[in-house]
Each structure stands twice: as C-alpha cells, then as structure tokens.
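See the structures that follow.
Both complexes below contain chain A, partnered by chain B and then by chain C.
And then the complex of A and B:
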C-alpha cells in the first residue's frame, strides 16, 4: 500500500521534472534563437494554440462547434485597440475591458440559439463572424476596411510595446500557460463535468440536474473572453488590425490545432499547435515559391491523413499507445495512470 | 415506513396533436415503497413517466411531490428536489469512463459534492453499491446492456435522491441478470429510496412491487397489489386475450 503510494509519488515527481525541463527549454529558446523569423513562428504558435484552447472549451469539451472564433478574437482586438487609441486607456486595462465586452456580446448573441439543440450554434457562429466583419468594413468608427493601427514608440512594458520579439515571446508563453491552467481547472471542476455531460447527452444532463442552456452560455462566454485576450495580444504584437482578421478561414485555423492534437484533451490544442503551425510555415517558406498553392495542398494532405487515421487526434492515439507505456515505465518509472488513480482511490476508501 | 404519499398524480392527460396518449390518469406513490406500472406496448407508460419527470408537460392535470405542485418544473430542477430518473434507452456518457459518468452526477443534486475529491469518493461508494467498481475505468460505451442499465441507476443514485424513477430498467436482460437487477433495486429501496418503476417483466413486478398500476390505451384499468391486479379479469384479457366462451 505505502509502496504503491511511494511509486506514485516518484512518478509524480518525475513527471514534474520532465514538464519542468520542457518549460525550461521554452524559456531558454530566445537566448539561443536569434532569427526574428523563427521567433515569430513561436509567438504564432503561442497565440494560435491559446485561441485553439478557447475553441476547444466549446468544441471539444461542450460539443458545440464554433466557426466564429476569429470574430471573437477580432472583436477583442478592435475593442482593446479602440480603447487605447480613442479613449487613451492603458493597454493592459483595455485588454480586460475588451474581454468583458466580448464576453457580454457573445453571451447575449448566443443565448437564443442555445435554447435550441443541434447545429444552430455553428450556423449562427458563422453568420456572427461574417456580419461583424461586414459591419466593421462599413463603419467609420471602426476605421472601415483600412483597419486600426496602434501607435509605435519607445519600448515600454506599461504600453506593452516593443521593437524586439522577445518580450512578446515571453508574454505569449505566459498567456498560453495561464489559459492552459484555467482550462485544466475548468476540466476538473463541476463546470467541466457538466460540459462533458452536455456534450454526450443533453437529456442525461438534465436528468442529473444540469441546466444545459446555462452551462453552454458559461462556456461560450469564457471561450469568447479568452479569444478576446488573444485578439489583444495579436493587436499589440502586429500593431495593426483590419477586418480580414475575422475572415472565416481564420476561424477554421483556430479549430485545426485542437482537432489534430485531440479535441477531447485540454492539451490537444497545445500538441496540435506545436506541430501544425510550424509545419504550415515551413511548407509555405519551402514550397510556395516553387508552385504557388502547393503548400496549402500539402497541408491539406497532412490534415486529411491525421483525421482519417487518427480521428481522436494525436493525443487520442498517444494515450493508448506503446509510446506512452514506454515513457511511463522507462522514463517516469512505472505507474500508468490507472494504477496511479487506484492508489488515490484506495486511500479514499481506506479513510471510510 | 410511513403511509404518506410522496407523489400524487391527479387527472393527467397528454395529447400529441390529435392523438391522446394518456387520458385522465390518477394514482399515487407511497413514500418508502416500490410502486410499479405495467401495460402493453403503446399503453402510455413512458409518456406518463416523462410527464412526471418533467420532460414534457401534461396537457391537463397536476403532479404533486410531497404536496407541492411540480407540474411545470423543468427536468433539471428535479435533482435538487431529491428526485432522480433513469432512461429506458440508456444514455451513458459514452466517451467518459464509468467512474467519470458517476462523478459528474455527484457534482449535482441537493447534496452536491463541493470538490472533485468528494465527488470521486461518493462515486466510488456508489460504484461499490451497484457492483460496477471493477469496471470503473472502462469507457461506458464499451459495456454491455446489463452494465449500462446499472450505470443508469448508479448515475441516478449519485445525486442522492429520495425518489427514484426507473424506466424499464430490466428490458433486454436475461433471467440471471434480471434477478441481479431485482436484488439491486430492493437494496436501493431498503436504503430508504422510494421507487417507481415501469416494467415489462412480470417476474420483476410481482417480486418487487407492493402496488401496481395497469395502463391500457392511455387509461388506468386496474390498481392494487400484484396478486389483485394479476387476477383482474380485464387485465388478463388485455395481456392474454379473451377466454374462449367467456361473455363479451
């Protein structure tokens, strides 16, 4: 019994060390990588994976497929940019305000369509994105099609503005980690169980006392707020936004890392993002000059192969693979997850 | 055991467009007991069941729970009133493990778990009680019918109900599995939960229920102890057909 407990403790410790090393590698990358191009890819990975985690809360955990996440991101970017340029509010504060605004808008717009079941949410999310984009293109206040630029100037943490990519790298990494921890927290909470119950069966959810509409709204609001945060980060990084940000294909881009990595897992978007985004950049840099569009074609082939042969995503495959067993027994020294949980539960029943 | 009525159904009627599925049905469920409802296919059992459980409102009539009118309550409001139900067509949370299925329920209801640890503890208890403990890490979609039926009950029990509605919990089980299910239902009842069940299997109804209600064509045709009901000439006619030579 205590032997088992010890084994579990060792396993936990080794896992923590492994994750710590991985984190350390990411922290150290800017010290060695000097190419701004590579740095840009990392920053791209960070914010796109974060956006994909936001999508995954709805698509993966709640089973509500959104195709409008670029619109939340865009709206968040616009809200914070306009607050900075027109109202002169500090960027950090305007990020929070932007998140609140987008959360409210998403909650109000999607409340009616969550009373219905089925694909309505997906349809409305497409329409919402497109309508918002058209509205912004035609609104002088939002700068029409020419977009909004953020002021350049001296490097400053207060104004979140830098010439170098390194600060953005670290802020992006921090944002990714914070959102990951938030999602992990949600997954294990009452809300997480409610959302997954709703994903599996709404009648079953109601039978155990879950109000499906209420939890779906909560999910869409949190998801939209995270997307708005990504929008703020994007705007501060690129320092210029235009309505193209909200185009439908951008929404699809936010779905891909989650689907490829494994939408059933909180870690899915991280794994998917780390693989698909550099791949997409690599293909573009390497092949688009040879034959325009060939990079897209190759990307599509990779995507189709993953979806065809690993429909549960890379993590869905990994969790039942020999690779995991190997890592568990040889590197982390034994306890696979089941044994680990068994000890934890044995402790519980021992307490009674 | 008290003699008070926990559920009172008063003259409920349900019409779907032109079709009257249930017509002016009244009965009550005694607190602490096991009450059964039987009837041939299409008799309106499931419709009655779903009306009582809040899945669709009755066209006419009232439903009282502990003297309080719950006719218009939404299905998800029932859990907090200490009422739980199962589904005839099982609705396991397919892509979650058996344990997670039950943990999700433990987070809700009048005695909702406050933490994941508490929810898991409750879930483990229930899994022991329902005999699913060994299978807790299996995905619920990978289990057979008997275990999925058990899981339905486990999920309902994790909300700590005082009143449990079972919708054909033994349909599709073989005699041995049926016997095991009967034992489990009796055990649940002995732990202080009032049970109302719909069942096709006579063996189960006769051995479990103290009171039986018979529906036919959406109307209540008999009510009483299993022995009384089984000897009722009309019930026999409905179930077995008319006796040869009997008067019309």
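And then the complex of A and C:
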C-alpha cells in the first residue's frame, strides 16, 4: 500500500514539475519574443481561452449550452468602460464592480429561465444576448451604436494602459491562471459534483437532494462574472468597444476552444485556445490576401474534422492515447489513472 | 495513407515557406491596407481595393515614388475591431509597411489608427466618416489623417442642396422629415440634422425609424405621409432602401424631394431592384462618373474592371496619390517625416505629375478647425460631396450646380 502511495506521490511531484516548467516557459516568452504581432496572438489566446473556460463551466460542466457569452463579456466591458469614463473610477476597481453588476444581471434574468431545460435554455441565452445588444444600441447612456472609447494617455499601471504588449501579456496570463485554478477548485468541490450530476440527469440530482435551480444559477453567475472580467480585459486592451462585440458569432467563438479542446475537461478550453487561435491567425496572415475568406474555410474544415473524428475533443483523445501512456511511464515515471483511483479508495477506507 | 497525408502536408508547409521567401525584392514602398475582404462587407472592400490597385499601377507605370515601386500589402479585418488591431500589428511589425490606409468601418478605423500612432506609421482614412475620429479625444492621434468629409458635412451638404433646389424648382423647402435605420448610421443622421436644421431654417416635422432588415415599412411610410414634409432625408441599408421606395409606391405617396445619405441607396443593386421606381431619388455621392473631373478616369477604370468607379474607389485612389506626393516631399519613408509632409500638404486642383483631383472639390489640405463648436484635428477641410439623382435609371450629378449641367427632376416621379 505504502509503495503505491509513494509511487503516486512521485507521479504528482513530476507532474507538478512538468506543469511548472510549462508555466515558466510562458513566463519567459516575452523575454525572447520581440514581435508585438506574436505577443498579440498570445494575448488573444489568453483572453479567449479564459472566456471559453467561463463558457465551459456552464456548457461543459453543467450541460447548459449557452450562446450568450459574448453578451456577458460585452456587458462587462461596457460596465467597466462607463464606470471609468463617466464616473472616473479606477479601472481595476471598475473591473470588480463590472463583474458584480454582470453577475447580478445574469442571476436575475436567468432565475426564471431555469424552469426551461435543454435547447430552450440555449434559445433564451441567444435572445438574452440579442436583447441586451438592442438595448445598448437604443440607449444614449451606453453611447448607442457608436460605442465607447477609453481615454488615451501615458503608460500607467494605475490606469491599466500600456503601449507595450508585455503588461497585457502578464495580466492576461495571470487572469487565465486564476480562472483556471478557480475552475479546478469548483470542479473538485461539492458544487462541481452537483453540476456534473445535473448534467447527467437533472431529475436524479433533484431526487438525491441537489437543488438544480440553485446550482445552475450559481454556475451562470460565476460564468457571467468571469466573462465580464474578460470583457474588462478586452476593453482595456483594444481600448474601444461597440455593441457589435455582443453579436452571436462572438458567442460562438467562445464555444469553439472548449469544444475543440474537450468540453468535459477544465483544461479543454486552454488546449483548444492554444491550437485554434494561432491557427486562425496564421491562416489569415498567410492566405487572406491571396484568396480572401479561405482562412475561414480552412478553419471550418479543421473544426469539422475534430468534431467528426474526435467528438470528445483533443483532450478526450489524449486521455486514452498512447501519447499519454508514453508521457506517464517515461517522463512522469509511472502511475496514471488506475493507480490513482486505487489510492483514492484506500484513502477513503483509511479515513473510515 | 497516413504517410501520404503527412508527406503532402510537409510539402504544403515547405511550399508556403518558399513562396514567402521568394518575395524579397528590391525594397518597394509598402502601403498597408486594412479592409473587409471576407464577411458581410467584402463587396465594399473590393471596390476600395480596386481604387488602390488602379492608382498604384498608374504610379508604378510612371516610374514609382522617388524611383521606388509601390507595393500594396493587404490585411483583412472582416468587420471586427480586434481583428483590425491584429492585422495592423501584423502589417506594421511583420510586413514593415511604410504607410497605412483604412478602414471601411469607423469602429475598426479607430482601433487601427491607435496602433498606427503607437508605431509612428502615417495613416489616412479614405472613407471613415464618423465625426468622432477627429474630435478632441483623438487630438494625440497625430499620425492619423482623414480625406473624406465628416458625417456632419454630408448632412450639411444635403441640407444645402435642399436650400439650393429652390432656384431650380421655384418652390422653397420649409419642412423636412427623417426616415432612417435605428442603427449607428441613422443615429448619426438624426444627430447631424439636429445640428444644422436651424442654420438652414428647416422645420423637422417627423423622425421615423425602424430596425435594420425590416420586413414591413408601411407604418413608417404612413407616419411620413401624415407629416407630409416638403423633403425626406433618409439613410438605410440596401434591403430597407428598396423596401422603402416600394412601400412609398404601394401607399401611393410621393414626397417631392427624397435625399439619401448614400449607403443602400447608392448600392449598385438599388436601381437594379427598383428600375423606374427609383427615378427621382437623390443621394449624396462622393464621386459620380459624370463629374467633370471624373469622366476620363472612369473610362479607363471601367475598361479595366468592367464597372464604374464609385465613391469608395475614387477616394482610395486619391489617398494613394496623397501618399505619393507626401513621400516625395519628405524625401524618405521615415514615419515622422511623411507625417509632417502630409500635414503640410496643400494640393490645389491637381496632383504634381498626376491628374486633377477627381472628387467634387478642388483642394486637399489637412488642418485643425472648429466644426459646430467642436474642435477637430487633421481633417481635409475642403472635402465635400455631390448630390446625384436617379434620372432615366442612372445616377446623374445635380449638385453642386457648378459641377454639372443636369437639372433637378422635381417633383420626384418615382416611376
């Protein structure tokens, strides 16, 4: 027994070292990559993956497919921008306020909607996004259809405004990591188990004492708040927002990394984002001037291939692949899943 | 099979690399362009790029700029500001463009102009008309210039036209109504009419709006009919513009004067959709083939592309010539030097070594000025538009009266 436990401990240590090295690589990238264009792609990967993780909490973990995440992101961006420009509040503080506002709005609007299930929730989320966009287009306070710009000026940490990409890179990376840790925490908590039970069978969940509405609302609120945070980051980075930010195709963009990476895994959006966004940028840079639109076509083909042949996403394939066995045995020195489970069981019986 | 696929993909990757490397030529001057080449606005992007290519071919045939050829490096923003930013950074840092042109949508232009200012790359927009781009918030964006008139200039010219029609029609316009989309274009129209209506002594009797891609406009047309203005000002996308005129006919209501702020009304499909019904509709145009200075170039353009030059092609054509003139004046492609040269530029009548200005004005000069109480920066203050009217199924320039011999068709027959 203790041998197994020891093996698992080494495995965990090696895994931690490998992840640490990967993180270190990301931390060091700005030291070596000098091209702002490449840096821009990294920043894009960071915030789109974060948005996709927000979607994944609802879509992947809870099984509520939302197509309204661009609206949360847009509302978050608007809330923080208006707080900065109209009320003169510091950007960092306005980001927090923006998250709270969006969380509240999402919670209040979706509370009655959770009587609906399955595709109906998806439809409501589309309607919510479009209604919000129309509201902003018709509201003078929100700058109507012409959008809101953030003030220009000198670089400053206080105002989260930089000419260089490096600060955005690190803030984006930190945001990604924090949200990832949050999602990991949720996955392993009581809430995570409850959400997955709801995804598998809502009635069964209710029967064993899980209140589906309560957990679904919690998931929506957390997801919307993370999306609002991404909205704040986007607005600070692009420094200009308009209601087009909330169109349906943007919501779809937030779903793609998760689906390609593997929606069943917290890491799915990360893997998907790291692959799909640079791919899309590369295809556009290389081919858009030769045959406009060809990049979209090739992107779509990649997507179709993944969905057709690896419906569980890249991670879904990886988890059962020889690559994983190879990495587990040769690099991380042994025990993968099976042993892990045994030790978990042993732990539980030990506690008893 | 797997091997074959992997070999093929390796070949494909190598091929793209080789193509990429083979381009290294004798240092041409690079003009970056960022327009929508895919997505819903690709058709507009195509017209713009035609104008640019036409000017570049013309300039290169005459020996280039300071002995160097011009080369166009294209970026595609697909209508998205974030993508515009990416493309601007790619063109500047990877492709090393010397100057930048763009974009079609003012929202994207705003973001791209920021990037250009940050890297010190001079940028001129040929067609972004949103007033805000040159307002005091953008004072520091000093690498960014605008050739085209502002939205408020468009609308002021529409009102001037209405005022001037009295000399030809014998009836003075007193009341006006607005019919427009609820989206950004419509809000700009409403805002600008508000700004100038008193100056020209018009009374606004109705403002009627609708949501884009309407399926029925009869309620709106009835509201107009009830208000019965002397003239209707409108701005719509193509589908709604077509439906509007059809509904006017169906409701048997013919406003005596209809003036549109381009967009859908000047889309090539507008006359095609409506045939005779379009007769009498007038619209702002940035360029029209029958403009005195535009006839010659339009024939050459048409011979090459098979279509008439439109406002977007003409304006972007002109911007390439501005860059040529400025780079020659600066003597180098250094960003700051070219920017200063653009700022000091004063083109009267015709470009040195080139044509007369083909747009409906005769001077290009960027300056800071006051527009209706708001300070603006680095706009071409001489820019103005012409008004054209559909007569016998063709757009004929009718205003300014000095640029044309065609008379205003009044009242608009719509048949």
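Just so it is clear, the second predicted complex is superposed on the first by the 346 of 352 C-alpha atoms of A that agree within 3 Å, B and C clash if a C-alpha of one lies under 4 Å from a C-alpha of the other, contacts with A are read in each partner's own complex, and residues count from 1 in each chain.
Everything below uses one rule, namely that a contact is a pair of C-beta atoms (placed from the backbone, for glycine too) under 8 Å apart; a residue touches a chain by one contact, two chains touch by 3 or more.
Here the structure is a predicted model, which means the values were calculated and not measured.
Asks: Following the superposition defined at the top, how do chain B and chain C come out on chain A, clash or fit?
Replies: With chain A aligned, chain B clears chain C, so fit.
Asks: In the superposed arrangement, does A:157 touch chain B (first), chain C (second), both or neither?
Replies: neither
Asks: Looking only at chain A, is it chain B or chain C that touches more of its residues?
Replies: Here the partner covering more residues of chain A is C.
Asks: Should A:135 be classified as contacting the first partner (chain B), the second (chain C), both, or neither?
Replies: neither
Asks: Could you look at A:93 and tell me whether it touches chain B, chain C, both or neither (first, second, both, neither)?
Replies: neither
Asks: Once the shared chain is lined up, is A:144 touching chain B (first), chain C (second), both, or neither of them?
Replies: In the superposed model, A:144 contacts chain C only, not chain B.
Asks: For A:35, is the partner it touches chain B (first), chain C (second), both, or none of the two (neither)?
Replies: Once the two structures are laid over each other on A, A:35 reaches chain C alone.
Asks: Once the structures are superposed on A, label A:326 by its partner contacts, choosing first (chain B), second (chain C), both or neither.
Replies: Neither partner.
Asks: Please give the nearest C-alpha separation between chain B and chain C in the three-chain superposition, to the whole Å.
Replies: Across the overlay, chain B reaches chain C at a minimum of 31 Å between C-alpha atoms.
Asks: Looking at the complex, which residues from chain A come into contact with chain C?
Replies: Chain A residues touching chain C: 35-37, 40-41, 44, 134, 137-138, 144-147, 149, 151-153, 163, 234, 238-240, 242, 244, 281, 284-286, 288-289, 292-293, 295-296.
Asks: Under the definition above, what is the set of chain A residues touching chain B in their complex?
Replies: 188-190, 193-194, 196-197, 200-201, 203-212, 264, 338, 341, 345, 348-349, 352
Asks: Quick check on the complex: what are the chain C residues that touch chain A?
Replies: It is residues 16, 20, 37-39, 42, 45, 73-76, 79-83, 85-87, 89-90, 93-94, 106-107, 110-111, 114, 118, 130, 132, 137-138, 140-141, 182-184, 187-188, 211 of chain C that touch chain A.
Asks: Going by the contact rule set out above, which residues of chain B touch chain A in the complex?
Replies: 53, 55, 74-80, 84-87, 91-96, 100, 103-105, 107-109, 112, 116-117, 119-121, 124-125, 128, 137, 155-156, 158-159
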